[in-house]
Structure formats: structure tokens, C-alpha cells
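Below: a set of structures, written as C-alpha cells.
Paired with chain B in one complex and with chain C in the other, chain A is shared by the two complexes that follow.
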Partner chain A sequence: MKEVDARGLSCPEPMMLTEEAVKSEKGAIRILVTEPHQRMNVEKCARDHGREYTSTETEDGFAVVIDPQK
Partner chain B sequence: MNLSDSKMKLAIAGIVCGLVAVCLAYFGNPANMAFCIACFIRDTAGALGLHSTETVQYARPEIIGLVLGAFIISVVTKEYRSTAGSSPVTRFVLGMILVIGSLVFLGCPLRMIIRMSAGDLNAWVALIGFILGVGTGVIALKKGFSLGRAHLTNRMSGGALPVLMLGILVLALATTLLKSSESGPGSMHAPIILSLIGGLIFGAFAQKSRMCFAGSIRDVILMKNFDLLTIIGSLFVVMLIYNIATGNFTFAFDTPGVIAHSEHLWNILGMYAVGFAAVLAGGCPLRHLILAGQGSSDSAMTVAGMFIGAALAHNLGLAASGTALNAETQEVVAGSVPLNGKIAVIICIVVCFVIGFFNKRSENK
Partner chain C sequence: MQEEIRLTQFAKHGGCAAKIGPDTLSRVLGRLPKFSDPALLVGFETSDDAAVYKITDDVAVIQTLDFFTPVVDDPYTFGQVAATNALSDVYAMGGEPKIALNIVCFPGDLDPDILGEILRGGADKVREADAVLVGGHSIQDDVPKYGLSVAGLVHPDRVYKNFGCRKGDVLILTKQLGSGVINTAVKAQMASPEAEKEVIRVMTTLNRKAKEAAAGFTVHACTDVTGFGLLGHCSEMAEASRARIEIGTEGIAFMHGAKEYAAMGLIPGGAYRNQEHVSGLLDAGDADEVYVDLLSDPQTSGGLLFAVPEEEAEDMLRAFERADLGTKVSVVGRVTDSGVDRPAICLRDKVEMG
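Here is the complex of A and B:
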């Protein structure tokens, strides 16, 4: 699974990395972010691209797993 | 509680913050300043004796309230995170640029919107520079700009700035140590308790809505995302209605009493520097006060840079003067940007280019 580690990066870098990954990777992607609003932005990006996702809280932030493109 | 997951909630946050600004303007804050981050940091720096311009010295409770409001709401909603380590000194420099550019224009992005809502055409001219500055920052981002990662750190570190702000409030309320203007903009203010409550409310709503003046335009240019712009739009509409209703709307350049000048090139370049620096720093002056309140030591460094930048702007004669009416001759004296201010803005823009195009994400771990 492709992993994007955006932890600790300032806005809008997590969003830019997510966009880049969603556009280039058809398989599952695991995106790590630190802030709650960054998680929300990643989820919105997945929705905008018609992808499903699952979010979980981690020790130092959040992990959003975006499902493979159908 | 989340105010950033729908445009309706974002619009409500903008309306609430607009009403706070309206109340503060009504109860005594300077005309068309209402709630200006750069001006209020400059006044607070003056109160602490960091500069000696006697007309702009007052510990603005709004600034203290913003940081404490963001701190309290982020603790209550479990969003407080003590982080640090993302190029702190670079962020300090960007903080200085944010305020120096603002004081050449005579207002931060928030005050630019407030001035626009009062019909001040100089602010509309400055908006061109601000958008171009944000656009240049976006180009840097697309070319791989990054200041690197922040990391979780000792919980107390993130609480340092809110505690310092509380300390300024205690000094203002319980001692005579702080300086306070007897004339000029620094002498014009709403009652302390109202300013503090206004700051707390504004800070809480800004934290929950992620309000950011640079971010709103950046998101439109970068991702065609208009969410954050909704807040700015609703705040503008509230202030516009207030200004029209109270007869404060004057659609003109060179309006005495507005604390503005009509040196168009320097209005554009001043806000160009602010827009550019804000994108590189990850937020406008308001956003950094909020981020510092919710635990970011990196944003606290940006805030420290803003205080020093404000002090330098007055100690070195960089800040512009506003158009004013000479009380004796009744002549309008045009405001202007001093030579030192013009040189400083050019240096600020050069520094932004160096920071923006020499800090690469690929170099970070």
C-alpha cells in the first residue's frame, strides 16, 4: 500500500501530497496527518475523487486509508 | 464542534466575527481599524516599550483574547497539540515581514477587508498586491517549497505563548508598568472587558473555522476550493452593512481619518509581501495567533517575529503615515510611505523569494 507521510507539515502541503497521490495511485493509499482539519481535508479529497476511505486515530495524529479505485 | 465542514457554518463563523468587529468599532476602536492584527500587535509592542511612538501604545486585549480563546477552545475540544521544530527562525523572519508589509500598507489582511467594506479604494488596490503575493507563494509551493515537519513536543511548550499573553493582561489590569497612548490611534479603544470578550469569541470561532485570509485565496488559486473564502465574504458583508448603516461608507481614495494612504505602488507591494510571506508561513497574521494558541511553537515564533517587526517598523521609520486633516489649517495632509519603508518592503520581497525558492520539500526528512 502506498503511504503518504504528511505528519507535521504545514497547510496546504498535506492536501497537495494527497491530491498528487490520489491522482497517480489507483490502489489503496494510507495518508498520515497530524491535525483534525487535515484529516477532514484528506477525507474531502477522497470523496471528491469518488474514493471510499476509513479514518483512525493514531498515537500522533490520524491515518486515513483511501480504498483502491473501483 | 466543527465549523469548517460546511459553507453554511463557515459563513456563520464569518458573521459572528464580523459582529465582534462591528461592536468593537462601535464602542471605541479606531475608525476602520475595528480589529487589525498588525496594528494591535504594533500597539501592544508599544505598550511593552519595544518602540517609543507615543500615539500607538496600548496593550490590546483583542490580541490576548485571540490567543487565549484559541487555547481554551482547542483544549476543550481536544485539538490542542504542542508542536515545534519546523524552521523556527525562518518563521520568525516571515513574521517580521508579515508586519512590516502590513504597516507599510497600514493594515493586516483582516483590516484590508474591513477598509474595503468602508469603501476605501486604497484597500481595493492593495488587494491586487495581496492576491499576486499569494499567487507567488502558490508557485513556490508547486515548485516544492516546504519549511519541514513540526514534531510533537513537551505539552508546556505550546502553552508558553498563552501564558505570556495572560501575563500581559495581568500587567495591563493590575499595574501601571505598561505604556498607554493619550492621543492617536492607541488612545482609541473599546472598554477592556469588551475587547477581551471580543477577542475570546473571535479566537474561538477562528480556531474552529480555520479562518485565514491568505489561506482563503491560496485555496482558490491552488485547489479551486472556495470554503475559506466564504468566511471572509460573510465578514465583509457584515462590515459593509454596518458601514453603510452608520454613514461610515466613503467610496474614495485619500479619506481623512481612515488611517490610510494613497501611494498605490506601495500599497500593492506592501500587501504583496504580506500575501507571499503568509503562504510561505502557512497562514495570515490572525491564523498564526490562533495556531500559537492551539499549541504551535512554530507559530509562536512567527508571532514573536511580528512583535519585533512592529517594533522595528516604528524604531527605524518604516511604517507609513495616514492621510489626515490638519486641525489648524483644515487642509488634507496626504499620508505617505517613508523611504526607509520602501527599502524595507523591497528587502522583504527579496527575502520571501529566497525563502520560497530555496527551502525544498525534497531536502526534508
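Here is the complex of A and C:
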């Protein structure tokens, strides 16, 4: 699975990396972020591209797994 | 001048999005000693925009201070935005700015010409406001910051307060919303040139004409919409007025591209903090998420929010049109109840008048 490590980055970088990944990767993508609001922005970005996702809390933030494109 | 300097890269949060969250602020400020003086007409208990101190029966002084980190890359524009925003607090109290002082933080290793441009931008706005700029204070700091302390004058009987709105009042906002989201999109290099142009125009428009056009109308409450977003400032107004406010999302003017960028996830962290702060008061109904995000979006140098009696609202809108503000004026909602035990803000598609 493609992984995007956006931990420690400040906005809007996590969203920019997500946007880039969602555009180039049709398979599943795992995105790591630090802040709750970054998780929400990453989720919005996924939704905006019509992709489904599952978010979980990690030790140092959140992981958003974006499903493969249908 | 050094090329390739992007001022916004210095700042984690730019503009009014750099404000400390409302929850944190109220916790800290609550521990400060209370000051009282019979001449103090407006203090900070009601979270208003500035202090107002009565000198005579005809004259009161308004004192305010506002500064922030870069919200745009161009130094001259940053100076204009920061000064416009600082001057706005005086207009929001119904006053005229008279004296301004610069407050500056600037890295010692950056080209001083950049600082010169920031100050020139600020000075031009102070001149446009017909106030005088008379020095200020500067220190070295890793992150550039700029703003003004402004003193203004107002008649003690004509001070606009951020509370006092009454049942039936119409809420009119004098600038379109979306600057936090658009500035985030600019930072991400995803904003259209039109959106970028519009946000700069809106952020550098003085609230002077709006304030002047409102003279002669009954203003029950007024504030400028800045870092806490429309919902945050409405919640301050609702709480301080013990009012219930209905916001009609369909009537609100937004900047070009704001909805699109918000849906993409280009939302500043401050918007989520603002949402949390108003959550106890907010009934979002079935409003689209994008509206909740945009109404919580921290505005940099936003417009004036007026609560006016319904029978004067149409005339006031026409007065704003005649004054040619250069921004989009919209009816954002109305006060459905006042003097209530539980102040609230309700989001609806449309608000019913009458």
C-alpha cells in the first residue's frame, strides 16, 4: 500500500500530499498525520475525489486509509 | 531586494488564523483581575473589539491593538492587510481612527527593504483612513509580524457594541466570507488567480465606507468578523445579547472558489477550533458541512456585522450599495429571540423575514 507520511507537517501540506497521492494512485493509500484537523482535511480531500476511507487513531496522530478507486 | 522570499513560509498560521483559540483565551483571561472605571464604556468582559473610554460628554477614546504573522507573500500587501485589519476595530466600535502606531517583529537577517515595504503598505492604509501614523515599536524576531495600535474617537452615545441585538433584527455583513480558506488555497498553490485577487482586494478594503454608510441607521450591535469566523463572532453577539440567531446559508456572499476549496479540505485549523468553540450554541440542522466549515473560517480583515431593526434593513442595504464598498454585502441572518436563557445559533437554508 502506498504510504504518505505527513506527520509533523503544517497545513496545508498534508492535504496537498493527499491530493497528489489520490490523483496518481488508484490503489489504497495510507496517510499519516499528526493533528485532528489535518485528519479531517485529508478525509475531505478523499471524499472530494469520491474515495472511501477509514480513519484510526495512532500513537502519534491519525492514519487515514483511502480505499482503492472503484 | 532579496528575491524568492515568501513571507507566508515564516508563519505556521497567517493573519487572523494566528489568533489564539477562543477557548484557550477565555480560560486565561478569566483569571486576570477585573478593572473598573466609571469612564470605561466598553471593557473586555464582553469580548468586544476595543476599549472605549469617555473623556467628556461628547468625546470618547477608542483604543485597540492588532497584529499578526504574514497572510500573503508580498510585503507591501501584507502591510496593507494588517493595517486595514487593525483600523477595523475602531470602525467596529463606530469610531474614526485618529492616531496609529506600528508594532513590528522582523528577522535581523532579512533584507530591511522588505520591512520598508511592509511599513509602506501600512502607512498607505493609515493615510487612506485619514489618521496619522506616528512611529511605533520594533523588535527582532524569527517570524515577521506587523500591525497597529490605533486610537480613535467616537461620541459616547454612538458607540457600537457587540451586544444589544434584539428580536427581529436583521444581520448584515459588509464583506464576503472565505479569506481563511482562500489564503490556505493560495499557500497550497491551488487557488485560481481570480480567487487570489479577490481575497487581497477584500482584505485590503477599509471598513470605513461601511461604517460611514451605516451612520444614521439604528445599529443595535456591531462587530467585525475576524479570527473567530462568522459563527464565533455571532456566538459572542448571541451570548452577550442573550439572543437566538438564525443564519441563512443561502443568502451569504462567499469569495470566488471558497466552497470548492473548502470541500477539497483546504481548511485552516482555526476553523475547526472555532467550530468546537461554538458547538454548545450551534444547531447546524441539516446544513451542508461545507457551510459549517466556511462560517467558522477565520477571516482576516473581515467585514462589519450589523444588527439592525428589520424596518431599516432594506434602506441600509441600499445605503451600502450607494457607498460602493467594493465588497459584497449580504444579509446573513436574523435575531429570532432576545432576552432568552439559552442563547443559540441555528443554521437554516433561508431565514424568513417578518
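Criterion: the second predicted complex is superposed on the first by the 70 of 70 C-alpha atoms of A that agree within 3 Å, B and C clash if a C-alpha of one lies under 4 Å from a C-alpha of the other, contacts with A are read in each partner's own complex, and residues count from 1 in each chain.
Heads up, the rule we're going with is that a residue touches a chain if its C-beta (ideal position, glycine included) is under 8 Å from a C-beta of that chain, and two chains touch if they have at least 3 such contacts.
Everything quoted here is computed from the prediction, not taken from an experiment.
Undergrad: Will chain C clash with chain B on chain A after the two structures are superposed, or do they fit?
TA: clash
Undergrad: Give one of first, second, both or neither to describe whether A:C11 is in contact with chain B, with chain C, with both, or with none.
TA: Both: A:C11 reaches chain B and chain C.
Undergrad: After the superposition on A, what does A:E19 contact: first (chain B), second (chain C), both or neither?
TA: both
Undergrad: Give one of first, second, both or neither to describe whether A:M40 is in contact with chain B, with chain C, with both, or with none.
TA: Touch status of A:M40: both partners.
Undergrad: Identify which of the listed stretches of chain B (75-83, 129-137, 147-155 or 291-299) has C-alpha atoms clashing with chain C after the superposition.
TA: 129-137
Undergrad: What residues on chain A does chain C touch that chain B touches too?
TA: After superposing on chain A, chain A residues 10-12, 15-16, 19, 35-37, 40 contact both chain B and chain C.
Undergrad: Can you check the complex and tell me which residues of chain C touch chain A?
TA: Contact set of chain C toward chain A: 12, 184-185, 187-188, 190, 262-269, 271-273.
Undergrad: What residues of chain B sit close enough to touch chain A in their complex?
TA: Residues in contact with chain A: 2, 4-5, 79, 81, 83, 85-86, 141, 146-152, 210, 215, 218-219, 222-223, 281-283, 361.
Undergrad: Which residues of chain A touch chain B in the complex?
TA: Counting only chain A, the residues touching chain B are 7-13, 15-16, 19, 34-37, 40, 60.
Undergrad: Touching residues of chain A toward chain C in the complex: what are they?
TA: My answer: residues 10-12, 15-16, 18-19, 35-38, 40-45, 47-48.
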